[in-house]
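Sending over a structure as structure tokens; questions will come in a sec.
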Amino acid sequence: MSSVIDVPVGPQHPALKEPLNITCYVDGEQVVGAKLRIGYNHRGVEKAGEYQTYIQNLYIAERICGICGIVHAFDLAQATEHIIGKEIPRRADYLRTIGLELNRVHSHLLWLGVAAHEIGFDTLFMYVWRDREAVMDVIEEFTGNRVTYALMTIGGVRRDLPQEKAEKMLRVMDVLEEKVKKYKEMCLNERTIRMRCDGVGILREEDAIALCAVGPTTRASNVPFDVRADDPHAAYDEIPFKVITYDTCDVTARILVRIDETLESINIIREAVKKMPSGPIRVRLPRAVPAGEGVGRTEAPRGEVIHYLRSAGGERPFRWKVRAPTLANLLSIPVMLTSKGDYVVYIADVPIAFASIDPCLSCTDRAVKFVDVSSGKSWVWTFSQIKRMYWKDKPYWRERP
Amino acid sequence: MTLEEELVSKIKEKFGDKILEAKVQRARRVFVTVDRSTYKDVIRFLRNDVGVTHVSTMSGVDAIDHFEVIPHLSYKGVVISVKAIVPKDSPEIDTITDVIPGALFYEKEVHEMFGIDVKGHPDLTHLELPEDWPEGLYPLRKDVKLEELFKRITKERD
Amino acid sequence: MGLVNWARLRSPWLLHFNTGACNGCDIEVVAALTPRYDVERFGIRLVGSPRHADILIVTGPVTKQVEKRLKRIYEQMPEPKFVMAVGNCCASSGAFRNCYNVYPGLDHVIPVDVYVMGCPPKPEAIINGVVKLLEKLKGGAS
Amino acid sequence: MIRELIDILGTLLFPGFLFFAALGLFFEWIDRKFYAKLQNRVGPLYTGPWGLLQPLADFVKLMAKEDIVPEGVATPIFSSIPVFALALSLFATLFLPVCGPQGIVSFPGDVIVLAVVLTFLVILVFLAGLSSASRYPEVGSERAVLQLLGYEIPLVASVLGAAAVTIGLGGSLSIEGIVSAQQNWWGILGIQALGFAIFLLAAQAELERVPFDIPEAETEIVAGWATEYSGKKLAFLRLARDVELAFLCGLGATLFLGGPWPGPLVPGLGGVIASTILFVIKSIVVLLLLTVIRAAMSRLRIDQMVNFAWKYLVPLSIFQLLLAVVTPTMVRLLTL
């Protein structure tokens, strides 16, 4: 078959829990090009931020993304503290680290389940999500909420971690470590998983660097880029951990990076609970922030999150800019989804390849639009170009409306 | 000398007076202010001679009397924010996608939100948020009030 | 119509649509499927095609872009159909009230039968919402 | 006259259409319940005792829902396919020996007819997808046919293998012969084991279940070829799928597990009851095996499926067919 049809995936599509439209140009079962349309989720958070106080913005920041919301709240708090120029108590740093790492554990497990669902392995999905509930319980006990923690505040954290809760947390972590190790074994040994993930969604190292990919996506392409290590914030400077990289550049590598990072996060939580100093958990900072600018940055489960904050004095920010990791990784999607030479992409690979960057569009779409890109040197194709190149008549026996 | 100071001195050495301001705000935060004419040269210098490959994001700011376009570059943990001053009467700036391809989306975003024309950008066609977003309405500009933007929604509803 | 009503009460198939949510509600909807909550006990299933669905679960503030799609999906669903708004921001735009691209509530776009509050609601609350909807159905069609 | 009446009643009620429709719904329940158990869940619980009536509730609800025919579909084909699918799968069940050594319809060579019916079912799926005027069904139906190319030969070969074994033992190319020959021949423990394994995989593919649920892969193409169906048509399609499930489980039980044997040895009405119970139990064994396969694997890609089928399944199935033809003859020669 030489004719090409377009198969839209989304915006309402069971594989995508969020609205997005990937138009794949397929030749039979092979994908020859891909186009993304995002922006279904654009809400205009940044503009709203200029009309709200810093404290109000913390809560809307947490709701930029329901999976890694704490990261956005942390970044905003960090940037604000940079402008004010005050250090926060050490104990707060440790509590923030614990919050961030619990979030990473839950997010990576969530992702592993979703990835299993994408390749039709619902049993693994159910098992992983069952064990994820244990983390959710710990989070709920620690912060009071399952999803939006409201832990961060400007100048520290809002809740302390008493000894008995910390001990329970460690017990859960022990159980979880066993389970996660088992899943790793499963992913390495289960043949159908390997068949679906090996060599799929390849993002080569040079592409990952050129396209500024972040997080597990880039670490699975053998680029050791981790904000926690490079730019230690919170308590990461006192807690040793490994930056996980794999060099096979495919979906399997991304699965393994995330599983290993989960194990690493469990270690960080243990270490943080052990080393945590006593003392106050927050300092009171003035509600009016002096003029200045600050950059908040941390490693979300999906990759680097960066907030730029400009204050012109007063209770409201002058400009608040958010960049979520998915936006940085989206550029890699058309590269992963375009067959080139020996590298063949099938329709069946689209959901898992796309899911392998752990897309979180609600973060991304606060201010973004759509994309038409493809791989190779001349790496921007517009829609009409693709149309001209590939879109012939649909192989169909009956005219469609 | 710390890495941050080294970076600042390297930039100052290379560009001299063309750098309007270069400072180390705190550990791993460097801010450099340049005019838009030298902006691309600075980026190119950082990319080719210093070895910065990662652009974290690009912020646009409407600073009332001028625009600022701020790519935040990341190099060994240091965030180098290169502030380019763009006058309001000719909102234009050079693209840096040919130097760092990863800036593609961020430049689109700046274009869309502030109406700053990014010269040489490969694809600045219809970028706006919803498909039917009106021409010339740039939501993050300071002269666009929130109430005005709300009217769009309410009007359509009736 | 006793048999039909009995069947309807026991076989609600859900279609999940995200209109711009932060994902918080979405993962809680999905979590309701997993072993701890397991809504299949009640015969609830999550289906992919609007043609197969009985209840449309909408999460998130309704953004301008998604409005058309939402309406189309609603129209594609066969009667009798119901709509459930999950989360504060879906019901009333919640934390996003200052955002310019968000409708002030789902009921500005399509008719809603049940609102589930919470930011995000826990899976139990979502299941409770379905139960409330079914009660409404029981009372309405006698 | 009475004879004909009994036949008609048999066809309509027991062990014909009504019985198999009920059995299909029952099997769907077992499948869902066991699948849920394997996933650490409870599964349907509150609809009837242990959720037993869940599939029925789904069916009735769908029957009562609005029936949408989307604009632009090839209406005659689109609308008639659910009926055809149900009729065809119910027709196939008539051949199964439920309550005695032979089905309602039985003649030499009926095994071949069954193989043809199974292929027709896939062609219906293909037509359903093509007539839907939508892209997901279109891709789904393409995949269904591609997949058919992969598993059809192994399926037929495994069925023929079962026949060949029994021919060697004095049976014939009919289901009755195969069943009778298995009275004292437990081939499943020996040379038939391979054939049974191949049959299970091929049945899984015919039923479009994981790892071969490629034509209706939920995360890729929504609901595949059935995406555009709603209301009554969907209810019929689902029922047809359930009946097909019951039929394939029954076929597996018949060909490899001896069907109703030793039930028919009991005289009179007791024989009918014993046969039926044994037949259903054996079918359930096959069903549980199918469910385990479904729970323990992830979905393959269509190219991987075809690859797998042609590289391993087809050669293996031909090998087992040869084995099935040669071994009994050897055994007979040796024992003579």
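Order of writing sets the labels: A, B, C and D. Residues in every chain begin at 1.
The rule we apply is simple: contacts are C-beta pairs under 8 Å (C-beta built on N, C-alpha and C of every residue); 3 or more make two chains touch, one makes a residue touch a chain.
None of these values were measured; they are calculated from a predicted model.
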Chain hops separating chain D from chain B, counting only touching neighbours: 2
Between A-C and C-D, the pair with more C-beta contacts: A-C
Chain separated most widely from chain A, comparing mean CA positions: D
For chain C paired with chain D, centre-to-centre distance based on mean C-alpha positions, whole Å: 36
Centroid distance [mean C-alpha coordinates] between chain B and chain A, Å: 23
Computed distance of Cα centres, chain D from chain A, in Å: 43
Numbers and ranges of chain C residues touching at least 2 other chains: 34-35, 47-48, 65, 98, 100-102
Sequence positions of chain D contacting 2 or more other chains: 39-41, 218, 222
Shared interface positions of chain B, touching two or more other chains: 129-130, 139, 146, 149
Chain pairs that touch, as defined at the top of this document: A-B, A-C, A-D, B-C, C-D
Residues on chain C engaged by chain B in the complex (per definition of touch): 64-65, 98, 100-104, 108
Of all residues in chain C, those that touch chain D in their complex: 3-4, 6-8, 10-11, 34-35, 38, 40-43, 47-49, 51-52, 54, 76, 78-80
Contacting residues of chain D [partner chain A, same complex]: 38-41, 71-72, 74, 130, 133, 135-136, 138-139, 142-143, 146, 210-211, 213-214, 217-222, 295-304
In the complex, chain A residues that touch chain C: 11-14, 17-19, 39-45, 47-48, 51-52, 59-60, 63-67, 69, 110, 113, 125-127, 129-130, 133, 136, 146-148, 360, 362, 365
Partner chain C, residues of chain B touching it in the complex: 129-131, 139, 146, 149-150, 152-153, 156-157
